[in-house]
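Given below, in the form of structure tokens, are the structures.
Consider the two complexes below, in which subunit A is the common component and subunit B and subunit C are the respective partners.
Presenting the complex of A and B:
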């Protein structure tokens, strides 16, 4: 069942590619603006820009994905099927996780080009990126579900997403800096701890709460 | 229900007691701080007078912490039992917590000005408190624009429950951010400013104020139940 739902979400997205394309284009535009407005950017600032852009475009992507559900009233149809709502949540998390990772893969070379970076990507950075993507995806789907029945979800999604992401944004930036700068592990282990625990907590909360949040 | 409509908040003797106690204690508190500070300033120097905001800042922070924890707890009870009384309590605590949270930011800024010369220095605890207050702004956005009451009350409760994860982060932030930001005065160093008894009196008076304000808010939420739904 989970496979079917994930496949459905991804097929819906890859048919039109509108969400991913708009996320990608907004990412390019924002990185362009950041790179032309400041010359000689330090490497640690680039990490900050990258993650701020990722959080911004993911709020756009979440809005699009829930708007599609809303426009055709397809969500209520899906809820009336005999599927556990937590499986719907997991499928949405996984599909958004894949989408945002694909966008990041395409965005990153452009980032390197615009900011003239020379850095080697280590496994640790990829791992931290994936965990953070999982956090964004879980949290974003909870918030998307909360705003589903509201008329002003385009406004409420960023208002809720950014404050909840602020500790994680700080943590991923510090942890990536630590990994790239070869700091001793003790210096940034706190931040990695914050990222991993909050990803797990938010994901479990989503599984537990999703039915309450989206039911009419 | 009709009897509640015509009732006054102060008709209840407990409410009357907390109201008068809160007002008189707040008044005595101000007088105590002003009269004691003249001798204490002599002890620690004129330039430290802004540190007396400590008598307000710490009880306010204490109140805000209690409010946010109880808001999360009552939200949890509401989700478990779906009784409206828990939701009203949670809503009232959330409102008061946000109010006290904003007051923490203001009084903390005054303290930061006297301590470091700037109003906002990205001190760890103030920064994380600001994040929590911003989350609660989202909470009120949901309450106002989220749709029908039955829906928003559940969604609000989940946000309140999720935001309780910030409370340990706020508490331990002072250790997390050790080297990067301005450091918060640690627990023991408060009392070099003196006046331990006045501090506890201030704490008591603020707790009474919290009880009074909470009861008042819950009373009015119950009174205007129909307009919420």
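Presenting the complex of A and C:
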């Protein structure tokens, strides 16, 4: 069942490319605006900009994803089927996690180009990015579930996503700085611990509470 | 087969259904009528698992229908106002997804069934530009193709042309004779006249036999 739901999410997205394309375009626009507004920017600030952009485009992506479910009542098909809502949540987390990573793959070189950076991507940075993406996807889908019964989801998603993401945003910035700056692991290990723990906790919370969140 | 006990539902502190009780036996057709906004669709949505009641019990074959991981929902087919389809999927992909969600597979005679509901030529077309009538035909397709014991049908005849309406009536009688039950919400009393349905009305937040 999980495979069917993930396949459905990805097939719909790859057919229309609506969500990923709009996330990618917004990412380019924001990268360009940030890059021209500040000159000679320090590397640690660039990391901040990058993650702020990722959180902003994620909010757009999640809005579009849940809007598609609301059109023609598609989500109610899943609710009225013998499917555990936790499976629906996991499928949405996995598919959005894949989408956001694909957008990052295409966006990152453009971002580097705009900011004229000379960065080498290490396995540690990729790992931290993936864990943070998992957090964004888990939290975003919990918030997306809340918006299913609301007519104001374009407002609710960013309003709820940003405050709950602020500690993780800080943690990923500090951890990435530590990795890129070759700091001692003990200097930034706490931040990595926060990212990993939060991702696990939010994911488990979503599995546990999604049914109550989506029910009216 | 279906038992609804002490059901209560409110929206924004406005009570819609209160202390609602009824039973549906095997092979029965229940026709529910009532004014707009009395809670007919709400009642169907609660039984289908789309809405949660504040209070009450809903069970099918003596098993709770309101639990989280409810495998008993496989016995229920919900025919709502909205088609509950993905507009960027084709007719075939939508029906395949619907059946997979119910742990069923596409039957071998799918083309024959599509032809019956006049959708064979649209098999590989995306559903994004479908009219309301086509959406209702898609619901009719689900009604024919799915394996269910109780169908919850919200205004199933609205938007259907005469040909499709006749096919639906034929299929309803066929399913009734197979021992399947249906709850039909409709304002169209004349169409349902020949189905020997038990008539109920939602009045004063409860279900009254008429």
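Please note the rule applied: the second predicted complex is superposed on the first by the 216 of 216 C-alpha atoms of A that agree within 3 Å, B and C clash if a C-alpha of one lies under 4 Å from a C-alpha of the other, contacts with A are read in each partner's own complex, and residues count from 1 in each chain.
The rule we apply is simple: a contact is a pair of C-beta atoms (placed from the backbone, for glycine too) under 8 Å apart; a residue touches a chain by one contact, two chains touch by 3 or more.
Owing to the predicted nature of the structure, the values given are computational and were not obtained by experimental measurement.
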(request) Classify the contacts of A:211 with the two partner chains as first (subunit B alone), second (subunit C alone), both, or neither. (result) second
(message) According to the stated criteria, A:15 is in contact with first (subunit B), second (subunit C), both, or neither; which is it?
(response) second
(request) Return first, second, both or neither, reflecting whether A:151 touches subunit B, subunit C, both chains, or no partner chain. (result) first
(message) Applying the document's definition of touch, where does A:78 land relative to subunit B and subunit C: first, second, both, or neither?
(response) second
(message) Quick check on my understanding: which residues of subunit A belong to both its subunit B contact set and its subunit C contact set?
(response) 216
(message) Give the list of subunit A residues in touch with subunit B in this complex.
(response) 142, 146-147, 149-152, 155-156, 159-160, 162-164, 166-167, 190, 194, 198, 201-202, 205, 209, 212-213, 216
(message) Taking the touch rule as given, give the residues of subunit B at its contact with subunit A in the complex, in rising order.
(response) 79, 128, 131-132, 134-135, 137-138, 141-142, 145-148, 151, 154-155, 158-159, 161-163, 165-166, 169, 176
(request) Could you please specify the touching residues of subunit A with respect to subunit C in the complex? (result) 1, 4, 8, 11-12, 15-16, 68, 71-74, 76-86, 211, 215-216
(request) Note which residues of subunit C are touching subunit A in the complex, please. (result) 45, 48-52, 68-74, 76, 78, 80-89, 93, 97-98, 100-103, 135
